[in-house]
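So, here's a batch of structures to check.
Next come two complexes, and both contain chain A; in the first it sits with chain B, in the second with chain C.
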Partner chain A sequence: MKCQFITYLLLVYVFSVSCVHAAEREDAIKAGLIFNFAAYSHGDWFNSVFDNSYFICSESKPFIEVGKKVLKHKFINNTPVKLIHLKSLLTSGDKCHSYYFAGKNVQEQHITHVKSINKKVMLIGDTSAFIEQGGHINFIVIAGKLRFEINPDALNQSGINISSKVIRLGKIKRTSNRG
Partner chain B sequence: MKKSVLLFSIVSANYSFANTPELDDLSFESLLATDVQVTSAMKRTQEAKETAASVYVISQQTIKNSGVSSVAQALALAPGMQVRQIDNNKWAIGIRNPSGRYTSKLLVMIDGQSIYNPSLAGVYWEALDIPVYDIERIEITRGQGGLLWGSNATNGVVNIITKHSIDTRGAYLTAKAGNHIDHDVSIRLGGDVDIGNLLSYRFYAKKQKTVASDQSLKWTARDNGEKSSVGGRVDLAINDDTSLLLQADYTDITIGQTLELVSFTTHEGIEFFDDEKRTHGQIMFRIDHRLSDTANQMLQMSLSKQNGYQPYYKERFRHYDIDYQVNMLMGETQFDFGLNYRYNKTPFTKSDFIEPVNQVEFIKQYGGFLQANFELVPEQINLTIGNRSEHNSLTGWEHQPSVRFTLDVDEKQFFWASISQGIRVPTLTEVDFDTKVNGAKVSDIITTNIPSIDNLRIESYLRSNKNIESEKIISAEMGYRIDESNWNFDLSLFYATSNNALNYSVDVNPELFPMLAQLLFIQGDVASAVEVINQQSIDLNLVSTLKAESLGSEVVINWSVHNNLNLQLGYSFTTFRHTEDFSTNLTLSGKLEQLSLTMSTSPAKNHSLFSHLRWESGELYLTDSYAIFDINWRWQINNNIALSLEGKNLLERSHLAYARTNETFSVPTYIDRRIALGISIGF
Partner chain C sequence: MVRAVNVLSIRDKFLLIWMCITILSTSVIGGVLVYYEHKNAENYQIDKLNLVVSVISPSLTAAVVFDDAETIEELIFPIVKTEGVVGVAVFDANQELISDVFKEEELRRLSIILPKFESALTLQKNNVGKLVLYTDDSIVENKVIFYQKFLAQVLLWSIIASLLFAWLLSHYITKPLSKLTSIAKSISVQSNYSIRAQKNSSDEIGDLTDCFNLMLETIELRDRKLESKVASRTQDLEVAMKKLHHQAHEDALSGLPNRRSLMVKLDQLITEQQPFCVLFIDLDGFKVINDSFGHYFGDQLLKEVSERLVASVKKDDFVARLGGDEFTIILKDIQTEERINNICHHILHTLSAPFTLKNEQAFVSGSMGITLYPHDSDSVETLVRNADQAMYESKRQGKNCYHYFTQDIQNKLSERKTLVDDLRNALKNQEFYLVYQPVFNLHSGEVLKAEALVRWHHPSKGILYPGDFIEVMEEEGLMDEFGFWIASSATKDATRWRQQYNKKMQVSINVSPSQFAKRNGKLQIWLEQIRNLDTDCSHIIVEITEHSIMENNAYVQSVINDMRSLGIKIAVDDFGMGYSSFSYLQELELDILKIDKSFIDNLTESSNGYALCRAIIRIAHELELVVIAEGIETEKQKNMLIRAGCDFGQGFIFSKALTCNEFEEMYFSTVIA
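Moving on, here comes the complex of A and B:
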């Protein structure tokens, strides 16, 4: 009985490690896409003359760990990309240029809070109502590949003009004006 | 023992936890094309450069820049592919063996749905008419693909992967015309609807009319053509874990041709012309379901109907198949297994030239495969072992085991090796059809020095054999790749031996020669000798007794000279020989050789120039060796409109690419120099 229990625990551990490995892959692709969203945008939300780095923030530590490796030595408008881990969804993110809301516990209040601190930030998430809650870009999985919904109007209101190439690649979702 | 296995799993799993998945290419297109999961339901889990096989991928960018307008033309861009135009409509395509109009060693699929026809064997390339601008990529595996893909993939697999409909939204129109193309127009409409995560769709319609060549190998060229196709695709992402795909296509073609059919009086091939008419329809449904972050399953069902009319052959082919597959990751070990069932209905109407003798009206296949990939040394050495066992109603159970090994020498060097067995299942021509062929000349058998006797032809038949065995090919392959920042090198070597290769034995009446000798040389009675000859027949009886071997290599070097200039050099050769002491027209011996140089550049903003130079040996096709040069210039005028100007076969006014007339009733034509102007509009 004891042997069977230990065997079960070990198997669970092995499987859980496999799950982590798989999640890292998804985070790596998301980090790459978030980088591209910024690279294909212009506007006053990011000024490469005055800003020393382009900051991508998230409350998800695993995402930040993966993102640091994937985006090592990457630049946006000759400015190095850096990733910052924020301790919670309500932590101040005033330095952030892109904010990724990882996980499924994001609520509208979290998005509103970030916007109240920093009006000019690119908001990316992966919950079903993220755009309706005020987000700008939302990841979805279609046929095993990452795609995204995008609200170009909301991005414009945050001082971000994203390339039409990006808009064409995503699914446009427009909402009523939000502050 | 159990504990040590578990401990090993933990150690390897922990090691993998410390390593971040590598994404070599952070471009938008590459990231959107990357599978979120390591496991993939389409039996493709790795990048081509990490695959333990000789693979080549034709990207959508290459398809666009090259100006090709059909899958067959696109395949000619891949080093090692044997792509020969028989006439303006028909193609002979193969890998690692001389290609023929009917070749049963190459498996061709669209999005995993086989379009192989087991009747006369092979693919009707003239009826494969999907819009090339909706192709995401074409994956070519040179060599054995039997374990993953089934029988008749002994020499290679071509998988045409079309774009997800979410990537083809909006309207897109194309039009092309030239000295060879009267018109080639198409329209595609796509969009999306808010159902589930997303429902997206596209529908297309296209029409093409082409003119005949200037010159035929014999008689008059009549290879004009008309094709019409419609089709569409619907993708529904129900949620993050489940997605559905429904795809359907219908093609109607009428193509002119010059045929060489046997005269019933002289038994000699005579000119005959009549159109080939074909209608092909197929529908495919697939559901992908992510079971967990480390496992997914897939169920695919498809139905295909092919109707064909030829003066010598009327065909109504029906194909149903169902495939189920599971892919899972346990630690660093990946397991794939699948089950499949295929039913090919092949009712055949007797014609004057082909007669079914064993009444094979269907071919059933069912089986499964299991494959495991083990990481022996994390991030360095992998071993993949597996087997496919399949039962078919012609030859019973067949097995296709495979062992593959990979070694990451360092970040830039990759080595792989494999040994596998592949199976070629006999075709209906081999097991069921008796075919009337050009009569053998008397002088091919005996020389009398009497022209009126020597030039006579004896009625001849190619006789099927219901006891034909499947051909078993054992293949040993290895490869080496170097991937530097601005150049890469890919070398593959292979050696294959084949048992039960196809051949025929000649059956002539043994009384014929003594009778002729008596009548001609003793009695001097030529008229009676002619009468005796006209009463004879020769049987070419198909057998599967030949042993053969082949040896060859493919080399591909890519060099990004600078941001706007890319060069690719490709070289391949294959030698064939029989290990028995006689020659045959069915299993050839000789050498194939090919050299190609491709250049892709952007000489100015919004302009692209693509050129392809290729030299091919002609020995095994009974032609001269020749070189072709194709060039395509494309100008993206604005976000919506692009113009293109293409030239094909520019080095010569015309050349003959294929002359093995004993393999097909079609008379080949000379492939002319071609110029065409095209426009595409997207919005």
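Moving on, here comes the complex of A and C:
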């Protein structure tokens, strides 16, 4: 019984460790993708002359931690990338250039809030209705691979022109009733 | 090669050169173009790959960045369909293969050795991966093959076009030359140097045409000069030919046709089968006149004779001078022998008239031979020979007469010819031998002299006597050599007898008039031989005829003196047959007088022969000459001669001629004993 328990604990441990690693890896990929979205975009949401860093913000601390590792020494238009952890979704993030909404319980008001604080920010999420809620790019998993949905119109409204190369890599999703 | 090119015409050479240049230049240009296109194709391929890479790289970089394998495949798949690309591979920043596509699966395995075209995938100067294109040379090969085909066609068509153009050009260039050649041939064939070539251009061919025409003018001028010169020389030659013909067919002295003309005329008459008569005339005594009056006088006489002969016959008849004093007349239209005889008589009469030349008068006569065509012969040579033989018959019959050719003459001549041949062979084969007729002292009966006589042992006719052949020998000019043999042989025998038997036996040797008359003949050699013996030759007696003495008195005297200086005794043979002149007996220093047999034959008591004989003997004795009577055949003749005072005698009554051995046996054996 004890052995079974230990085994169970070990399995739980292994499972939990593997889950942690899987989550980290997913975050790393997402951090890379977010960096690439910025790299393939241009517009007045980011001015490398005036902005001394490209800020990627998220309220997910694990993501920020992993992202810092992944994007360490990364530059966008010769501007270093920095990751900023926000305490909550409601925290002001007016410096952010990209905003990652981690977690599945992102509400439309969160997105609206972020937009109200900083209109020119790239909004990235990973909830199924993220685009409909006003988000710009949404991570999705297709056949075990992390892919993304993208709303070019919404990005344009935020002063971001993302490269068509990126757009053709993602799944375009438009919301005609939203700005 | 050079020889093969040399036989080509200028046009062909031009075509060949043009084609060589065309092919060479086109080949060089084609080669350069192919090379250029090869390089161009290579650059094109590189440019194309660069373009493909430049087009695909951003999207591919994005796909790599976003790790979108599907998109990567989707992007690289069309690339392999591009010409020159057989495979595409995409690697990440860690050089790990993300995706690859090949045209054929086999190529994947060979990807290591295939040519590569690599391009780095970068994002904001960061290397995110690598795009590798595996290539082949299909672009270059296709382009080169295309250009090769294209250039081959261009070359082919350019050669055809060049050939056509070159043919036209060569035709244009060589046409004036061909015209010039054609004119040259035409001039050569027609020998017409008045033709001129037309000048159509001012180039080198134009200059050549000018030179050609100038040359033709020169030739034409020279031709005319030559023709003029040839015409002049032809005229001269014709004159010379006429002169030569004249000289060849006419006698220069008399102006009469010569021997050649006679032969032609005879041949012509025989061809026409016209009967005619040939008279052959030889002047009698012409040589004496020539020698006496000189050749100029002789020539004038011959001219006069020619004129008389021409005047003696009709105009249709033919008179020719054969040379010397020989003339021939052809009498045509002769009907009867009487007519011929009349003409011959007329000719002889005409010739007998005196010839007055240089205020001198000369007399000649003619001996004529007559032959008739076709009666005697139908051959020119035979007719001439017949007439000649008939003429000789006239000479033999006493001259100043004519004689017809007969078969008898022919036969006699044949016999004579045989005899002459036999004589020549006899001299060569030594068929002659000497016999000796003893000469008796009519008072003592002693034999102290002998006459050497000759006999011919003929192979078929037996023994022949001098009367059978001496005359022919004289006429054929053999007497000199024959007389030398007789004299030498007799001298040899006489000398031997004197040495061997120590008896003074005198041997008489007959020397003919011809031998005596011939200066530097063999008689002189014989005398020289005797002189070299350096002995007394009183045992040798040379018998000469009256004729010899009469011929040339001064010369004969000198020869006689020569002989006498050697001790040789001189006897006058056959005295009484000829002139019987006592004056030369007085003038010449002679030793012996031999009375001819004809005197002896007439010796009878009642006749004058005895008185004459006695007178001769007395006169001879008065001139201190020893007298020998020849041909004593009877005792009566012998006694009469003894009574008349004759010293010696010879004849059959004493002895016939004996061979050398017989003579020795008969008259020397007693001496030895």
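Everything below uses one rule, namely that the second predicted complex is superposed on the first by the 164 of 179 C-alpha atoms of A that agree within 3 Å, B and C clash if a C-alpha of one lies under 4 Å from a C-alpha of the other, contacts with A are read in each partner's own complex, and residues count from 1 in each chain.
The rule is short, and it goes like this: a contact is a pair of C-beta atoms (placed from the backbone, for glycine too) under 8 Å apart; a residue touches a chain by one contact, two chains touch by 3 or more.
This structure is a prediction, so every number in the text was calculated from the model and none was measured.
Partners chain B and chain C, once the complexes are superposed on chain A, run into each other and clash. Of the two partner chains, both chain B and chain C are touched by A:166.
Of the two partner chains placed by superposition, A:42 touches none, neither chain B nor chain C.
In the overlay built on the shared chain, the residue A:77 is in contact with chain C alone; chain B does not reach it. Contact with neither chain B nor chain C is seen for A:95 once the two complexes are overlaid on the shared chain. Of the two partners chain B and chain C, more residues of chain A are touched by B.
In the superposition on chain A, contact of A:66 is made with chain B only, not with chain C. In the superposition on chain A, A:33 makes contact with both chain B and chain C. Only one of the stretches 225-233, 333-341 or 639-647 belonging to chain B has C-alpha atoms clashing with chain C in the superposition, and it is 639-647. Shared interface residues of chain A (contacting chain B in one complex, chain C in the other): 29, 33, 36, 40, 147, 165-166, 168-169.
Those residues of chain C that touch chain A in the shared complex are 58-59, 61-63, 65-68, 71, 123-124. Residues 2, 6, 9-10, 13-14, 16-17, 20-21, 23, 26-28, 31-38, 40-41, 164, 166-167, 170, 192, 197-198, 235, 237, 240-241, 243, 245, 288, 290, 292-294, 296, 329-331, 639 of chain B are the ones that touch chain A when the two sit in their complex. Those residues of chain A that touch chain C in the complex are listed here as 29, 33, 36, 39-40, 75-77, 147, 163, 165-166, 168-169.
Note for the complex: chain A touches chain B at residues 7, 10-11, 13-15, 17-26, 28-29, 32-33, 35-36, 40, 66, 69-70, 74, 140-147, 164-166, 168-169, 171.
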